[in-house]
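Below, subunit A partners subunit B and then partners subunit C, in two separate complexes.
So, the complex of A and B:
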């Protein structure tokens, strides 16, 4: 019929044949033909050989179709098939096999029979299958018709389906417990569930419920029994097993919910407990692979925040313990650098460089570095000093830059950068003035790095110090060119002239310069003031030093001494061979008592003894007498004795800290006045908020409150009489 | 060479001195910052914040008095007509000479 409508050549041929055959059709044609076909269908269902040839049966169906008997034939065939399917399934229901494997095999057998028989019947009724269902609405293909009846009768026998699903689930369970099962049987049954459209409704739900129950029980059993790392690896193995299961015999759509069920049972409820129990140990033992696994597992269950917090807490705990360990503070900076390096390695190797983790790490390190006020800033400055000082251990320039970069990475976290600057400046001053800097290049490199971190305002003074050194070198050269030797001495003078605001403050020390040094100093002063009017020079003897030739019995040595040491030694030229008492030396050099004792101790009680103390001992006492140490022997020609100038006493450190505190008070006062002048009136809270924004060093509300009170006393501000805890600016 | 009999002779002396302005006041009358400190807007103290004297003997940061003189002509302290002194008044103790 369709062919005729299409009007092709083939259809035209059929039109010719049709009227020829029609008259010769016998009366019982339809029934006789059907009986032949019915016999064949029954033979197929009963697994007997079919008597007629396939060719003959095919022709018979074709004839029926040609004579418009397709609908009746289809109905007869459907009835025949349905009856058989019902019978076959009833047989399954009545089979009283207690062995689930045997039952599954029988179900599978029935299904296989159904499929094979359907295919065979379809090949006999091929002409019917290719024409009638396509032309008639609501009529299914023979294959679908067969499935429909199989599904219908299976659902009508709930026991069979329940037993089948139960059997499959039992096999899955056994496999999870380590048994080897017949995976192909399960794969076939799952295909059957799918073909019958019962997979999603009748199978997947129970499978997921079973999975959840199985792994919930497993979690309870394993959590206490194994270490966290082992547990995580077990979870990973389980996830791999389940994915393999999906691949081998489940439907692909089950993968996601199945893995989610495993996660939800093994991991989600225990994520926090696992961290509490084992995270610290994993980090301390640097178990990167386990931690990477943990990261990956936790990311699947949305628990990365917990992991991140555990890490931050760990870093804070370990780091703060280092910072608060007063005994071990000499090695604090290298230890912090090592902690930071280990954390960064972990971040890369286990936490996929995730930005939230990087942020948490930076925040934790900042808390660590500032866990103790002031001291870390000082220790970091000392760390840089040790790197930049001449004779510092270490390799080439690249190494130095590497170490400086590491130090800068900690500096970044310091909240008391002003305190760092004060200590750093003190050390830099000593390196520059005592000629102890290893490389000017490295010095300038570090200043440029500090500038990059904190801006020009921060390094302005440091750069000024370098500029002073350069100008001083020019000045010294000009002085030598302008001032011919005095004749009374051939001492070569070089002078560092410091701009007061750049350098740390140096308290003046009392010192009676001998005439030759005094004359030289006056000459230089006159030369300098001749170049710069409106200025005044103050000599800083604490940082001056001399190269001195000293004749000992064995040989002459060149000594590097501080100016004070030099002045003390020169007293022994006049003493001839006589010993000098403490009192005589004090009168001679004019040093203040404490300074005098330190200087004598450095000359007579250190490694190199230029003077001999009587009686011997490490301390300088009132009754001690000193004489020139003629018998000094040393393998080097040049000997440094002025290392005392490099040392920094606890007292000095305290003063530096104190000065920074005073500076901070000025800055707070200035910020309060500036803010109040601009805003006229502000509440206490708003004022504090503004101040926290403006001031870049650690502050407490108590500090700020004290400064506000002080400004009220000094009548810069007043309390607003109408609004409590508000202030008004007083012009 | 060391004169005979002397055990200790100085060969080289690396001395350190620091300089300040010879101003009578500690702070600038305009910005109230130390004269030896940094004037507001200047890059730094010292050469970057020069100090000048008026004929009235008052002194200020150069930067501060220059800004002041954009709108006024008198000394901010004594109100006399402002005139720059050619140089700082020589302090009695030093041997200053104009260069």
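So, the complex of A and C:
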């Protein structure tokens, strides 16, 4: 209010300020306003156009709120809405419709109506909705209030809810059976369940039960009907379908339990049966995709252990069959390598390189390699020998290294490494001494690999052998440089000086060297001892070989002979074309009888016949006579006469094996005594545990018991009289 | 050994006189070798005391005298041994031997240290019966000794074990350890070997014996 200044001539007016008077409301204001609103609400509910303008209604609500009539208005509105909801739902219940789809559509319609109407009402009562529930505790917003009543009345009519849920489940079932359904309808109904908070308790449970029952039935139906691979793929498809279903119309929280139900019905109870029925075939046919699927499915149901065991068992079975196949043992190592390669590929491609699977594979391969005692070690040594031999077919250096690496990977699993060493050493000696090694580099590479696997102690002797060869080459050169010509210059001597202990033992051969060779040998001995005094040289004739020039009727040849063969042949120089009897030859060369017969057989009965035997035949008999075969014809200038190597046979292998076994006994004895000396007293079980830790070759408890008993007998140990299964060390 | 002797020494009425020992020694000593009683002497002694040479009581005597060689007693063994036993005549000696044997046998059934005497006696038998310079007792003697010593206590085990050895036709005899373990087995394992605890420490011979018994039981 503003005081106005009077005109210049007028009398001054008094300024009066009156108190503000609130306009009085008409007495029926509240009721009249409500009636107007009620009419509008009913119009909305009955889907009629609202008579008053929305603006007017909005203002009316605002007025009511301004005049503190919010509570009463809310109560009236609530009553109005509740009645309508109840009516609407009753209508649903009474409408008997046999077709579930139609029923669902009606439910859906009712729900949509409810939502639309609630929204409309809320818009009208916006001021009320924005003020009253916010300021008053325990009063819900209009939307929630509507939902609350809908839920309440729906629950009061169990038929409707059950029918609705049943209808939805029926649709789901139909979809699973391959029908096309109206997904949006289901999506809306599920949204309704969710909004009404009945999803978890009224819908999800039955859904999961249904799912379990459906898939359990499917599992029994399909399990016998289709192959394992197909079944797994089917399971995978089903899982994909269900995930899609969740995405399309179910609530996200259902995803986990739903997939779990599928797993539990289709996979968990059949995991073992599936493995039993089809795993071997899958592996044998190398169906990596199927196996990968299997791996991922089994990992979801926590059955990887079963899969792992099945795989290990498969590898063991297949591998052991290979190892135990005595007939085909020649090709064992390549076959084992192939098996290992296949397994590793499977491990990478199907089993995601999982660590436990890797362990299982290693364990299985170890069991396979050791499924048969001793023989695999020998075969592996032979395998390396074949690779390193000069006449081995093979590609470049990289290939050789690749193959050696593969062999080493098997060697790693071998428990009888000492046996391997014995056989390997024998072959290596042969390669080195007879010059049959393909590449020294490859030889050294392998030794370095063995060293990396087993430590320097293991390869000490092997390295010593290489060293001997190198020193011998130098020595031979030095000998030639120092040798004064003694009329023997036409004989060229090459020697290998072998350190005892590094090399395999060779049986000594008795023979009478011809004087020329004797002189040469003596000179070398003198030369060697002059360089290294105090050493002892023993000549190993079993390994010696000579190149001898021989004049046959047709042409001259060079013959490559063993020392024994040479000695025999040289006898015929003095014989003057005469035939020599077996006895004469025996006294001439001084060879032991069995050895002599073998030598003569190689000279007279082999492919290249330097001697002629009379009478002819494959065996050498006492009365036979031999003469020089003057008419020998051969296209090569230098001829190799093969020796007959009886010793390179089962007998020899057996001896090597026997030697290793005896060595092992000493090792066991030493380990027992060492342990008992340290511990003084120990129970049988503990002693065995200690021994298994210390001893690195395959052992059975009986092997150990035998040694323990032997030590008791020899009074290194005694049984503890107070505790019969304990031993005491006897100092 | 010492402890056991002590037990019996207390029970005996009094040590035998050295004179009695000397009398016997003079009577039975080997005329060709003054230092020992030989097989003939032992045979004569057995005849005089009224026992078979293979009687268990003679073994008891050998044990008590700590004889080192079957069929022989040295002078030292004879005099030292007689000093510890109580007898001054042959009938008294026989009675003493019978009593000692009964007491040993009786003790053997006890599970506590009372069995030590029999254990000693049993261990002695292996030492006493095996051939000179051999570690093993040949199977035939072993079976005979077992049936004499162990049969009164564990007849079934002895019978089965003998059968087993016959079947195996074992060549290299029984060593001391196996011999002693058999005794332990008799004491702790039932006749049918059903409670044989294969804790691994039994000698292989006994493992195999048990397997044999169990196989036979199965066969029936």
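In the analysis below, the second predicted complex is superposed on the first by the 605 of 731 C-alpha atoms of A that agree within 3 Å, B and C clash if a C-alpha of one lies under 4 Å from a C-alpha of the other, contacts with A are read in each partner's own complex, and residues count from 1 in each chain.
The rule we apply is simple: contacts are C-beta pairs under 8 Å (C-beta built on N, C-alpha and C of every residue); 3 or more make two chains touch, one makes a residue touch a chain.
Just so you know, these numbers come straight off a predicted model, no measurement behind them.
In the superposition on chain A, A:74 makes contact with neither subunit B nor subunit C. One of subunit B and subunit C touches more residues of subunit A, and that partner is B. Judged by the touch definition given at the top, the superposed model places A:685 against subunit C, while subunit B stays out of reach. By the touch criterion defined above, A:203 lies against neither subunit B nor subunit C after alignment on the C-alpha atoms of chain A. Once chain A of one complex is fitted onto chain A of the other, the partner contacts of A:424 are absent, as it touches neither subunit B nor subunit C.
Once chain A of one complex is fitted onto chain A of the other, the partner contacts of A:103 are absent, as it touches neither subunit B nor subunit C.
In the superposition on chain A, no contact is made by A:298 with either subunit B or subunit C. Contact with subunit B, but none with subunit C, is seen for A:464 once the two complexes are overlaid on the shared chain.
In the complex of the two chains, the subunit B residues touching subunit A come out as 2, 5-23, 34, 36-38, 43-49, 51, 53, 87-88, 90-91, 94-99.
Within the complex formed with subunit C, the subunit A residues making contact are 683-685, 688, 701-702, 705-706, 709, 712-713, 719, 724-727.
Considering their complex, residues 433, 435, 460-461, 464, 489, 491-503, 506, 516-517, 520-521, 524-526, 528-551, 558, 563, 566, 569-570, 572-573, 628 of subunit A touch subunit B. Listing the residues of subunit C that touch subunit A in their complex gives 135, 175-178, 180-181, 184, 188, 199-201, 203-204, 207.
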